[in-house]
Each structure stands twice: as structure tokens, then as C-alpha cells.
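Consider the two complexes below, in which chain A is the common component and chain B and chain C are the respective partners.
Let's turn to the complex of A and B:
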């Protein structure tokens, strides 16, 4: 139970820091810490495959994507004047939300849990879920991956005939 | 492992609020995507807690894998669009995106 609360504390703390951090690169790194916390939580719940997927993709790939994007748009970071007053207010609103939700949310979900039906049968292995029970999802995933590849290819399309603007448009 | 279901949802609601706040107040588009990531993490924890309460962990793992894949696609495409927009207009401020108006 202590480990469980500690992990949630790390998750909330890293989310808070990633919101109020002034530099975008710190936000991206804190997002990676959040992902690591979530994957440890998944390990605790027994969802081992999902945890490995989360750790490799969210904590690895997405962080790399964020850091590379931040370094590409870095010149604008200082000139963009954000309204920092909103960020100073944030911890106070967060504490208010914590207090209010600690009164109402657990009680509501304790009531809601009574409607859930517990699966008493032995669960099927995960391979059967991926390939048979939700096998159609594979087609959707492949379509999405292909579409994202085409999106990125067309966004960074380079026309060699146009020399203006560095041939970028 | 039997863990308190309402306590989980208390933390999930806080995490969701954090992400939503980040998406509402920030002017930088990359910060918006970070808020989106935080919200998707909260929904991911929500799915696994619900699965744990009803003993459907393997089905939830499959759903989480699909969710993570969609998350990566959205973030990858979004960041590519942001970098392209920055190259064209030298800005990532969401208030300066007036020329995207129809």
C-alpha cells in the first residue's frame, strides 16, 4: 500500500511539474517520469505486457519526439510571453480540487462499484484477445500507422522544382 | 492484488484536472500536446483499475496497447505539424494562428 501511494504521489508530482515548468524540455522530461510511474503501476496491477509497451513507447519514443520537436522550435521559447499568473494560481486550484474531490469522488465510486459484475471465469490468455477476440483492431492499427506515415511524408514534402523559401513549401 | 478502487479514481480525477488545466491555459502548442498526454495517461489508469475491479486484466491490456498506439500517432503527427508551422511562421503561439481561420 505504501508503494502504491508513493507511485501515485510521483505521478501527480511529475504531472504538476510538467505543467508549471518554464522550460519545455523540463516538461518533456517530467512527462517521461510520469510514464515510468504509470508503467510501474501497471506492473503492480499485473498488466505486464501493457507495462512494457508503455515503458518502451511512452517513456521512450514520445519523449524523444517531444525533445526533438522542442529543440527544433527552441528559438521561439523565450519570446513567447505566457501569462505566468495563471501558472502561479495553479497549485492553489490543485489543492482546492484535491480537497473537494477527496470528499465527493471516493464515495461516488464506492457506490458505482456495486454495479460492476465480477468475472468469475478463468481469463483467456492475452494472445487470444489480441488475435482472435479483437482481431479486427489489427486492421485499424495498421491503417492508422500507414496514415501517420503518409501525413508526415506529406508535411515534410520537398519539391525540387521550387527554389524559393529554401525549396521547403 | 486487491487495491482500493475509489482511491484510484480520486488520483485519476486529480491527474485529469492537471492535464485539462494545462490544455486550457497554455498558449504554446507543444504544452497543449503535453496536457493531452497527461489526460490520456489518466484514462489509461482508469481502464486498468476498472479491469482490476472486474477481473478482465488481459482484455484491458489489449485496449491499452491500442490506446498507446493511437497516442503515439496523434503526438507524432501533431509535432510534425507544429514543426512545419514553426518553419513557415516562426511562431508556436496558438493566438497567432489566425491565418488558419476558414
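Let's turn to the complex of A and C:
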């Protein structure tokens, strides 16, 4: 139970930080932490397929995409002068959620466990699952990752030229 | 995934990844690497197919003929586009490194898609193709291309949602997405529902009527070589291929019979809408787009018979369509480059100045219309026989009549652009540069050779 609550806490904490973080890069990293937390939770409940896809696609692929995109717009970010004081309310909401969830969530988790249908696959280590059962997806993800990087390059290159030409397309 | 063919998928991918590193010193190296990668792959796969066709020895042929033919077509069109782009004088605001890398990644993803053995892998690579296409459409700096990219995004990405929804129902039903699992298990109502979602998703991706609205705008708005790439192979592999594959899985099954009616109707609608739509078009590329919709309808009609003959007719028409549509779109690119327009009302008598472009167009349009002895004739004949044998006689008649309409609109196109007296304002027009003509001439020769030696190709198709 402590483990569940810990993961749940990490998920909420990382979600909150990803919203209130001032630097986009921190926000992207926190989103990855959130995805990892969710995938561990899914794995514990025996939804191995969902866990693997959450981990590899959301935590892996999307984070890399975000970070590469953020690194491209890094210069603009420094001139950002947004007032973020109002977001200070989020930690308080977070504390309230933790208190409430510590009362209700444990029962909810036990209830959820009844729906677990892939308990047989639970025994397999996650590494084996990724490499043996979904090995092909690694090539797929490599393809998607490579295409994403080139797409960013392709579109941003054009954008740079448009800016240089005075905004005319 | 068939590991025999994995190298055809991995080599272009690694070449694409290598391009940014080696292109720093000279842009020329990028072009050479892209051409050499695809040429070597084409020679390799061409040798395997050619050896068996020339020797007429199909007993020792142990490969997956469907996948092999698709890989050959992908590499042929991919190489034509890359070679054409090398000499096309691409606009300065296009990043050449990412342009060639994206084409190579598309080729890699399409190859992986045709060798996939389960729906989820198929979906992943289909998405990779879609995102690459989206970026490639924006290559040109005019407003039309950006509009086309946005339309492509908004109309084809909801299709992905339908496909993934269908896949998740399959997962719920079988606990896996393997083609073999689905083939060997009893097909129930949920399977039909999930496959229907998947099919509708792929029909949108393939630009089949009534989901064809994005196709003409995208083909017209894209950068010319990219239009040829999209129309020639990308939308076919990213959309139509999966439908033929589903047809192959559900061969002679009850579910196939149930889905058959839906597919036959959309196929017929596509054939007719495409054909009648093409007649009224004034833009060269737009007319070719409508023609593409019509020809895709034939493939859907053939695969909707769920019979072995229908399936290999569909595969053969897919290969043929890739060849003749690539030639026609590349010719439109040459005409656009030389005259600065694709509006057919402004063009006339170009045959006097562009004879090679005109004659390769004639070969391709004869093949599209199904005139013997060109390759298109055989595929259309097989489609009509398959429809007739499956008891869909009305559809067979419609397919035959539409073939005549196809011939009519292409003759209108040929007359408007190439025949007649050359107007004075077009007197300075020259034939496109020789390297630009090489891909179209080679593919045109291939269209004739496949048509004339069809008796040698037929045993290969029977292996599908």
C-alpha cells in the first residue's frame, strides 16, 4: 500500500511541477517522470501492454520530442515575463488532494485490482517483455523519433527563412 | 515481421540518420547517399524478382511475394523521386538535409509496414509515414502547400484515432493483434466491428470516396516531386495496402462476406466520383488526383471480392498504379517547371517542344485506361474477371464503363496540354533536362515490358 501511495504521490507531484515550472525543459522532464509513474502503476496492475506503451511512447518518445522542440525555442524563453505567482496555489491544492486521497484511494486501488486480467504476464520482467515480445516496436520508435527530429528541422528551417524575409510566406 | 526483408527497412533508416553528419561539407554527398541507398536496394530486390521471372522458375521461390513486390514498388518510386529531386533545382528555402532524410525515412517506414505481421506494428509505421508526409507537403513555401498540410493533418489524423480504436477492440477480443491469430480464430461480431473501424480509418488515409476530399487539394498544393511521391506510393501503402492485407486475412470467411458489401460500394463510389470528377478539372495535377481516386476504387473493388484472384489483381493494380501515376505526376512537375503553370486552359501543343514528356504521358495514360498490351490492361482485366467470378456482375460492368471514361478524360488532358498548335507565348519552351526524363522513361519502358511479358509475371502474382 505504501508503494501505491508513493507512486501516486510522485505522479501528482510531477504533474503539478510540470504545470508550475517556469522553464519549459523542467516541465518536459516532469512530464516524463509522470509517465514513468503511470507506467509503473499500470505494470503493477498487470496491464503490461499499456505499461510498455506508456513507458516507451510517452516517457521516451514524447519527452525527447519535447526536449528537442524546447531546445529550439530556448532563446525566446528567456524574454518571457509572465507572472506566475498565482500558481502558488497549486501546492496547497496538492496537499489537500494528498490528504483526501490517503483516505479514499487505498480502497479504490483494491477495487481496481479485481479488474486485472493479465496476471499471468505479470511475472515476466519488463525488459524481456520489451525486447522479446515488442522488439519490432523499437525499430518503429526509432523511425518515429528520427522522423520527428527531421520534421522539426524541416519546418523550423522554413520558419527561420520566413522571418528573415520579413514575415512573407 | 519478416526478418528476411529487415535490411530493406533498416538501411534507408540508417542512411537517413547518417545524412546530417555527412552533409556538413557538401550538399552533393546527401544526394549521392540517398540515390545510392535506394538504387542498391532496388537492384537487390529487382534481382530477386527478375531472376525468377527470366528463368520462369517459381518452385524455388520461397519469399513472401506480396511483400517483395511492394518493396520493389516502394524502392522504384522512392528512387525515381530522389533522382528527380536531385536535378529539379529544389527551391532555396527547402532544407535539403531533412528533405532527403524524410524521403528515406518514409521509404524505410513503408518497407517496415509491408513486412509487418501484426496490426500494431502496421499502425506505428503508418503513423511514421503520415508525419513524414505532413512535413514533406510543407516543403514548398507557397500558401497552398501550407493549406494542404493543414488539410492533410486535420482529415487524416482522425483516421488514426479510428484505426487505434479498432485495434484496441481487436486486442480486447483476442488478446493480440497478429494477423495469424485473427486468421485462425473464429471471427465474431466484435471482430467485424473492429475491422470495420480499421477499414474506415484506412479508407480515409487512402483517399477513397466518400472520404476523398483532402486528396485533390493535397496533391495540387504539395511541392511537385512530393505530389508524385504521395500519389505514387505513400497514400497507397499508408492506406490501401492495409485493406488488401485485411482482405487476404479474411479470405473465404464469413466476416469477409459481411464486410464485402461495404467495400464494394465505397469502391464503386470512388471509381465513379473519381472518373466524373476528373473530366471537369482544369488543373493538370488536380485531374491526376481525381484519376488517382478512381484507380484506388478499382483496387478496393478487387480486394472486396475476398477471393485469391481479386487479391492478386488488387496487388498488381497497386503496382501498376504506382508506376503510371508516378510518370504522370513527374511529367506534370516537368510541365510546371518549364511553363510555370499546370492550368490546362493555358497550355497547348507542348508535344512540339516536349516530345519525351508527351510520349511517356501517352504510355502511362493508355496503361491507366487499360489498353492492351500495357500493364494496366492486365490488372484491369483481372479485376473485372474477379468481380464477375465473385458474382458482382453489376460492379464488373461499372468497372468496365469507368475504364472508358478514364480513357476519355485522359484524352481530353492530352489534347489540351500536348496536342494542337503551339501558341506563340510558349515558343521558348524547351524539353525538360535529360536527367529529369530518365525516371519517367525507365518507368514507361517497365510499363510496356510488364504488359508484353505478362505471361512471365503471372506465376509470381499467383504466389501472393
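The definition used in the following text is that the second predicted complex is superposed on the first by the 91 of 169 C-alpha atoms of A that agree within 3 Å, B and C clash if a C-alpha of one lies under 4 Å from a C-alpha of the other, contacts with A are read in each partner's own complex, and residues count from 1 in each chain.
Basically, a contact is a pair of C-beta atoms (placed from the backbone, for glycine too) under 8 Å apart; a residue touches a chain by one contact, two chains touch by 3 or more.
Only a predicted model underlies this, so the values are computations on that prediction, with no experimental measurement involved.
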Quick one: name whichever of chain B and chain C touches more residues of chain A. B
In the superposed arrangement, which partner chain does A:139 touch: chain B (first), chain C (second), both, or neither? second
After superposition on the shared chain, which partner residues are touched by A:67: those of chain B (first), chain C (second), both, or neither? neither
Quick check for you: in the superposed arrangement, does A:24 touch first (chain B), second (chain C), both or neither? first
According to the stated criteria, A:10 is in contact with first (chain B), second (chain C), both, or neither; which is it? neither
Have a look at where A:55 lands relative to chain B and chain C in the superposition and call it first, second, both or neither. neither
Just checking: does A:151 make contact with chain B only, chain C only, both, or neither of them? Give me first, second, both or neither. both
Given the touch rule stated above, what does A:107 touch, chain B (first), chain C (second), both, or neither? first
Looking at chain A, which of its residues have contacts with both chain B and chain C? 49, 137, 140-141, 144, 147-148, 151, 155, 169
Per the touch rule, the chain A residues reaching chain B in their complex are 1, 4, 8, 11-12, 15-16, 18-19, 24, 27-28, 31, 34-35, 38, 41-42, 44-47, 49-50, 53-54, 57-58, 61-62, 65-66, 69-70, 72-73, 75-77, 80, 82-83, 86-87, 90, 93-94, 97-98, 101-102, 105-110, 113, 116-120, 123-126, 129-130, 133-134, 137, 140-141, 144-145, 147-148, 151-152, 155-156, 168-169
Applying the document's contact rule, which stretches of chain C touch chain A when the two form their complex? 1, 9-10, 13, 16-17, 93-95, 97-99, 101-102, 105, 108-109, 112, 116, 120-121, 124-125, 127-128, 131-132, 134-136, 138-139, 141-143, 146, 171
Across the complex, what residues on chain B touch chain A? 1, 3, 5-7, 9-11, 13-15, 17-19, 21-22, 25-28, 30-31, 33-35, 37-38, 41, 44-45, 48-66, 68-73, 75-77, 79-84, 86-88, 90-93
For a test of understanding, state which residues of chain A touch chain C in their complex under the given definition. 49, 136-137, 139-144, 146-148, 150-151, 153-155, 157-158, 161-162, 169
